[in-house]
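Notes to accompany the following structure.
Lettered A, B, C and D in written order, each chain numbered from 1.
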Amino acid sequence: MNAGYLARRLAAVVLVLLVVSMAVFAITMILPGNAAVMILGEYATEDQLKALAAELGLERPWHVQYLEWLGRLATGDWGMSMRMSQPVTLLIGDAFWRSAALAGAALVTVTVVAVPLGVLAGMRRGRGADLGIGLFAYMGTAIPEFVTATLLLVFLAAPGRQFFPAGGFVPPGEDAARFLYHIVLPALTLSLILTAHIVRQVRSEMSEVLASDYIRAAHLKGLSEATVIRRHALRNAMAPAVAVISLDVGYLLGGIIVVEEVFAWPGLGRLMIHALQNRDLPVIQAVTLVLAGVYALSNLVSDIVIAALDPRVRYA
Amino acid sequence: MRELARHPTGLVGATLLAIVLVAVLFGPLIAPYDPQQFHPAERLRGPSAEHWLGTDQFGRDILSRILHGARATIMFGLGATFAGVAAGTLIGVAAGVAGRWIDSAIMRLLDGLLAVPDLLFTLLIVTVLGGGTGHAMLAVAVAFTPGMARIARAAVLSVRTREFVQAAQARGESPVYVIGAEVLPNTMGPVIVEATIRVSFAIMLGATLGFLGLGAQPPSTEWGLMIAEARQFMFRNPWCVAAPGVAIAVAALGFNLFGDALRDILDPRGRQR
Amino acid sequence: MTNFDITRRGVVGGFAAVPLLAQGAAAQGTPRRGGTLKVSHSTSILTLNVLQNSGPAEYLALDMIYAGLTRLNRDMAPRPDLAVEWSGENAARTFTFKLRPNVKFHDGSTLTSQDVVATIEAILDPKTGSPARAVLNMIDKVVAVDPLTVRFELKSSFADLPVSLAHANARILPAALVKGPLQALNTRAIGTGPFKQETYDSARFMRLVRNPDFYVPGKPHLDAVELYLFPDLAAEAANFLSGAVDVMLDVQQADFKRIAAAPGVQGQRVPSGRFVNIVMRQDSKPFDDARVRQALAMAVDRGMLVDLVLDGLGRPAADNCISPGYRYLVDTPAPKYDPAAARRLLAEAGYPQGIKIPLICSNRPAIRSQVGVAVKQMAQPAGFDIDVQTIPHDTYLANVWRKGNFYIGYWGMQPTEDAAFTLLFTTDAAFADTAWNNKEFDDLVARGRATLDDAERRRLYTQAQQMMVRDRPSIIPFFQDILTANRTYVKGWTAHPLSRTFFTEDVWLERG
Amino acid sequence: MSDAAASVLEVRDYSLAYRTGDGPVQALSRVDFSIARGRTLGLVGESGSGKSSIAWAILRYLPANAVEGGGRILLSGEDLRAKTRQQVADIRGRRIGIVFQDPSTSLNPTLMLGRQIAEVLIRHRGLTEKQAFAEGEALLARTGIARPAEMMRRYPHQASGGEKQRVVIATAFACNPECIVFDEPTTALDIVTARQIQDLFVRLQEDTGVAALYISHDLALVSRIAHDVAVIHRGAIVESGPAARIFGAPREGYTRMLIAAVPHPDRRLVDSHPPDGAQRLLGLEALTVRYGERSLLSRMLGRAQEQVVGARDIGFSVRKGEILGIVGESGSGKSTIARAIAGLNDFSGRLTLGDRSFSGRGALDRAYRRAAQIVFQNPDASLNPRQRVREILSRPLKLYGIARGRAEIDRRVGELLSQVLLPPEFARRYPHQLSGGEKQRVAIARAFAAEPRLVLCDEITSSLDVSVQASIARLLVDLQARTGATCLFITHDLNLVRQLAHTIAVMYRGDLVDLFPVGAADAPDRHPYTRTLLDAVPVAVGSAA
C-alpha cells in the first residue's frame, strides 16, 4: 500500500466523477420542459419565462454550458440553485452532514447487527438460526423502502403509539438528545433493508470460509471451536464482508432519497428529490456528483481496510 | 429440474412465482369486478363477502385491482430487467471478447455509471423523459445495464480461457463460431441467475417510482402506484395499502428465492455440499 | 393526493366575500400574550421574495412579514392597513391614498410614499415577473404627492383598485431594497408586518419573531412563529396528531375527518371558490359544437364528485366560475346528471356512437387525475369513451397547458368577479385557454369594471354569468373547501377563502 | 500382521456409508489394518476408492451425512469412536497428526506461518507464546527450511509450495504424536520438491518412530517408502502385507492390474526408435514465446510491463511418425511450446511443417491448423458442456470438409468412436454423462478426426487415474502407429515418457537443456538437470512383470 497506488486510485475516482458529470449533464440537458417554466410554475406569465431563461443562460449551446460549468465546479463555485436562489454549496453544505449522520447511523447499526447475524447464520448453516435469519433477510429485500417507512410510521409514530417522532429534524448542536430521538426511525428503515442485503452476503462468505481446507486443518489441530471461529474463520470472512458493505453504501445513498422524503429529514436525498421535481440543474448535478464521489471514496476506503485485513491483498 | 425439488428456498420461490404467474395470465379473467368500477356506497370498506380484500377510496374492489395490476407490475419488472440484461450482456460480452484497450475503456465507463446509485440513476432518467410506465421501464433498464455488463464480462472471461474454447481457436474456427457456439452458451448461467434476482429489484424500483409519482400514472393499477395513492387513506382502511404491499413482497420474494435456487443449481461447484 | 405533491395550486392573488364561517377572533375570551406557535406545512418555502412567490406556505410566512396598502377582511371587503384612508375621483380613474404616519420597517427605516412608488413600479415592470401585475396593469402612473400621500392615475376607470392593491404579492418593501438586486430579496425579507424574519433554512424550518414596533398596538400576541416543512403528508398528519406542532396549515380532503375528530384538535373547513375545470377548447372538434359541451355537462354527476374526490368537503358547481360568496353571484342551476339525455344530444350533434377522446391530467396535484378518473367512469354511459392520460406536471406545462383541447385545470379563488372573468374567460384573459373569444362577454366585463354604480354592475355581471353557463367554455363541477386544523389551545387561527391572508397577529395561545 | 500389543493404530472391521439425495452410498466396507510404532503403512487406491474416508474416520472428522457402520478404530488400544468431542479435540494434534495434499489451501492465508505452528504448541503443550515461537523455529529448522526465523514471520502467500508443506509437516510433528496420517502430501508439488519432501518424511519417521499412514494413488512412490502396503478398491481392502511381497508377488487380480498400469521405463509401448528413413516433418528454429502482451493502454501509460519469457530459442526437429516426449517441471515452458505450435501463442523464430515454414502465429493458415491438432490435460474442460459428443466430433469434419451430409458425418463419427474404443451410442451423450477417461478419448477422437500429420498431447494423462492413464497411453500409441502421425507428448511423468517416446527433450525454465533418444537415458553425458529429474522419480520396486 504505497503512495503510487493511492494516487492512481484517487485518479480513478476523479475519472469516475468526470464520467458521472458528463452523464448527468447530458441527461439533464435534454429536458422536454425547460427549467424556467418549471420554476415559475403554471401561473408564470410569458415575459416571466423569457426573463428567467435569459438570466439562466439556458439557450446557449450545451457544450459551452458544460465546459463553463466544469470550470466553475473545479474552482469551487458550484453555481446558484435556480429555484432557491441560494449558492448550491450552501444548500449542499449542511444537507451533506445531515445525510452523512443518517447514513452513518444506518451503516453503524448494520455493521453491528448484520455482520454478527451473517456469521451466526453461516455457522449454523441449515439449522434453526440460519433459516430464521434467512427468512428475515429475504423479507428485508422484498419490501420497498417507502412501505417499510410507512409501516414504521404507523406502528411506532402514530398517535397513541408515540414511541418516536413522525419525522422532522433537530440539529445536534441545538439538542443532541432530540437529534438522536429523531434519527431513529429513518435510520431504522435504512438499516432494516441494508441488514437484509448484508446478512445474506456475509452468510454465504462465512459458509464458504467454513468449508475451506484451512478451517478443517485448524479443527484437526485440536483447536477449540471458539478459537477456530475467532482466529481463523472470522479473519478470513471479514475482508469480503467489508467489500460487500462498501458495495451497499451505494444502495444506502439511493435509499436515503426515499427515507428522507418520508421522514422530512432535510438531507441530500430530499434536496435531490426537490431538485428533480423542479429541474434545478445545478443542484441535480452537484448532489449526484457528491453522492457518486462518496460512493467511489467508500470503495477506496474499503479496499484499504481489506488490504489491512488480508495480507495477500498487497497493492504494489 | 429434479434438483429444484430438493432445494427448499427454490421450492418456496417457485410456488410464489406460480401464484404471481396465475395473477399475470388470468388476473383479468378471474377478477370478480371491473377494476375501474366505482361502488360509492361501499367506499374504504375492509374485507367483506363481496369484496374479499375490501375497497379503495373510489369504492373500487382492491382484489380486482391487484389481479389486473399484476400484469402491469410484473411486466414492468420483466420488461425493464430483460432490456437491461440484453443491453448489459451485449456490452459485457463485447468487452470480454474484444479485450485490451476496448475492454478497459468500457470498464472505466461502467465504473463511472456504477458509481451512481440505481434509484438515483433511474430518477434522473425518468425526470428527464417524464413519468409514465414506458419511461420508467427504460430508466430501470438503463440503470441495470452497467451492473449486468460487469457480470456478463466476468462470465465471458472465465469461459474464454477454458480448453474447449482454445481447442476451437486452435482448429481455426471463425471468431463468430467461437463466440456464438462455444462462449455464449456457457456464459448464460450466471447471467440468468442475476437477471432473475434483478427482476425483484426492478419491481421494487417500479413501486418506488410509483410512490414518488414518477412511475405508472393513474388510472393504472400498478401496485406501487396503488400504494402511493392509498397511503393517505391507510388509517381509514389499512387494507388498501397492505394488500398491494403484500403482493409486491410476494412477487419480489418469489423472484429472489428462485434466483438463489437457480444459482445453486447452475453453479457447477454447487453450494449444497 | 400523492405525497409527491408540490402544490402549484397557487392562487393568483384575490379574495372573495364569504360570510365568516369560523367564530370571530374576539369572541374567544381575552387574548394572552407570549408563546411560540409551531405550524407544519407540506410545500417548501422556496423564496422570501414577496413580489414573485407563489407557494402556499410562502404566502403564510410573507403575510406575517410584509403589509400592503390595504388588506382583505374575511368578507373580502378591503380595509385600511398601511393606508389609513383613500378616495377615488373622476369616475374611478384617479385614487389618492393617505399613509399611516411613522410606521417602521424591520430594519428601523421609516415608511414613506417613496417606498410605495418604488414597490408599485417594480410590480408593473415585466422584468420582475410579479403575479400582482395582472391585477394592477390598469395603473398608468403612481406619484408621491408628499411623504404620506400617494396618487394613482389609471389608464381606464377601475372601481376595485383598493381590492387589487390588497393582492398578496402587492406588499410594500423599502425603496432601497426593491431598487437593488432582486436576488437579495429571496433570502432576506424586510417588511412592516407583525413578525420579523429570524432564521430561514428552506429545507427544514423558518422562525419569525414579534416585531416590537408593529403599528397596531398590543399586537401580535405571539412571541414567535415557527414553520416546519413535512413533504410527506402521512408523516405531517402523524406529527400534528402527536402534539409536536400546534397548527397543520393544509389538511388533505381524505384525512380531514380523521384529524378533525382527534382529541384536542379543531378542524376548520372554510368554503372557497377554488375549482377544478375541464377545459373544452372551442376552436377544434368536437367541442366546437355547444351541444357536445352541453352533453358532457349532463354526463358529470357533480354531487358524486364532491363525495368521492373531496370526501364531501366542497360544494357542487354549475360551470359558473363565480362561486357563492361573490357579491354579484347569480344562482345558475347545474344541469341534472342524465346520461341518457346526454347520449341523445350527442347523437343529435352528429356523434351517434358517442365520442372517444383523451383527457390530459397533470400528475400534480393528484386531484386532477382523481377528477379525470371519476369523470371517465361517469361519462361512459353517456357515450363518452374518455381515455385518462396522466402526464408529468412539467410536460403538461410545456406541451398541453393553453394548447390542448381537452384537459383539466386547477385554479384558486379570485378576489373579485372582474379578476375571476379576466383570469380565464375574456378573450385577452391572462391565462385564456378555452378559445371562447366572445366579444359580447368581453364588453360586459369591461363595462362592469369601469362603472361605480352597484346596480349597473350587478346587471352586467348577471348577464355575463348567464352567458358563461349558456356557452359553457369549461365544466366546473365543484368548489373545493380550504381545510386547516389546530390544537384547541390555539385561539384566533382560521383559514381565509383565498388562503393568502392569515391574520396571524390575532392568534394567541391559551396555555403558556 | 505385527502383534496387537505393539500396534499404535488399529482399524478393526470398520464400515462407513454416506446419505445422499439418491439413497445411501457405501464408502468403506469391513476395513482392517493396523500400524505398529515406527512402521509406515502405504494405503494405495484410485480416486473414489474411499482412502480419504479412512483418514476422516480416524481423525473423527466425518461430514454430517456420514453413517458409521460396525467396527472400531483404536489408538494405542483406546477406541476413538467412544471418545467425547472434548476428548477427540485433545487427541487431535497431540496424539494424531495429519498432513494434507495441498499446502497452499491448508494454511490460513491471513495468519503468519509461525503463529500457525505456535498455536498447536500453546494448545497442547501449554507453552507461552514466546516459548512456542522458539520451539516452532526449532521444528522448522529440523524440516530443513533455510532461514526458519524469517520463515516464521512470513505469510503463506510469501512461501513456495515446498516450504509451506514443510511448515505443515513441522506442525504435525510438533507434539510428537503417536500416529500421523499423510493424505497425498506430495501430489501438488513439483517432481524435485516432491522427492525432497518424501526424503524428509522418511527421515522424520525414522527419527521419531511415529506410526504413519501414508495415503496415495502413486504406487511407485508407496513401493519406495512404505514398510507395509494395503490396496483399497471401492471401499474394501483388496490385499495387504509387506511392500516387497505386495509388489513382488501380488495375489489379487486388481493389485496385479494396478501395478501393471504403473508406467515403468523398461516396459516399452513402442520400439525405441522411429521408422527408419523417415524425413523431417516438424522443425523449430530459435522459437521464442513472450507472455504479458504489451497492451496499447499500458504502453501509453508507460507502465513498463516486464514480459515473462515462456520459452527461449527452442530448436529441434521431429521426423514423420516419431513420438517426441517433452518433459520438465511446471513453468519449464513445455506447454508453451505445444501451444505455440498449435497456434495458440504468438511466437518469434521459425516453425516448419513438411515443406512449409511460418514465422509467426498470424501466418498459420487453415491447412496448417488442420495438420496440427492439440489435446489438452483437463478432460472436464476440453469438451463444450452444451454440445453432444456427435456435434463435438462433427465440428472438425465439417470445418475441414472431410465429410458432408448428415449420413456420412454420422458414419464417420461412429468410426471415430470405435477407433477410441467407445460404443457408437456415446454420440448422443453430453460430456457430463462421461467419465474422465471417456471424455479424454472423445478429445483424442476429435484430434484424429482432422486426419492430422502432427498431434500435440499436452499432459493428456496427468489428471487421470493410474489404470485409465495406461489405457489412454496405449490408445494414443495405437492410433499414432495406425495413422503414421507424428506426436509431441508433453508430460512431467518421466516413467511414462520413457515408455512411449522415441526421443526425449528436457525443458528447464524456458530453455531446452537436453535432447536424446530414449535408450540413452542413463548415458553419462546427460545434462545434470536430466540426471536430477531421473533420480527424483521413483521406479516401482520389483515389478518387472
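Basically, contacts are C-beta pairs under 8 Å (C-beta built on N, C-alpha and C of every residue); 3 or more make two chains touch, one makes a residue touch a chain.
Just so it is clear, the model here is predicted, and its values are computed rather than measured.
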Label of the chain whose CA centroid is most distant from the centroid of subunit A: D
Subunit A and subunit B, separation of their C-alpha mean positions in angstrom: 22
Centre distance in Å when subunit A and subunit C are each reduced to the mean of their C-alpha atoms: 41
For subunit B paired with subunit C, centre-to-centre distance based on mean C-alpha positions, whole Å: 45
CA centroid of subunit C to CA centroid of subunit D, Å: 88
Of all residues in subunit A, the ones touching two or more other chains: 31-32, 150, 158, 261, 273, 277, 279
For subunit B, residues contacting two or more additional chains: 130, 211-212, 228, 231, 234-235, 273
Subunit D, residues touching no fewer than two other chains: none
Chain-to-chain touches, reported pairwise for every pair that qualifies: A-B, A-C, A-D, B-C, B-D
Parts of subunit D lying in touch with subunit A, wherever the complex brings them together: 59, 61, 89-94, 98, 100, 102, 105-111, 119-120, 123-124, 155, 157, 168, 171
Interface residues, subunit B side, partner subunit D - complex: 6, 100-101, 104, 162-164, 166-173, 181-182, 185-186, 273
For the subunit A and subunit D complex, residues of the former touching the latter: 212-214, 216-224, 227, 231-232, 235-236, 239, 309-312
Subunit D to subunit B touching residues, read off their complex: 21, 63, 293, 295-297, 339, 342-344, 364-366, 369-370, 373-374, 376-378, 381-387, 395-396, 399, 443, 446, 450
Contact set on subunit C toward subunit B in their complex: 1-4, 233-234, 252, 254-255, 258, 304, 307-308, 361, 363-364, 366, 369-370, 372-374, 376-377, 388-392, 394-395
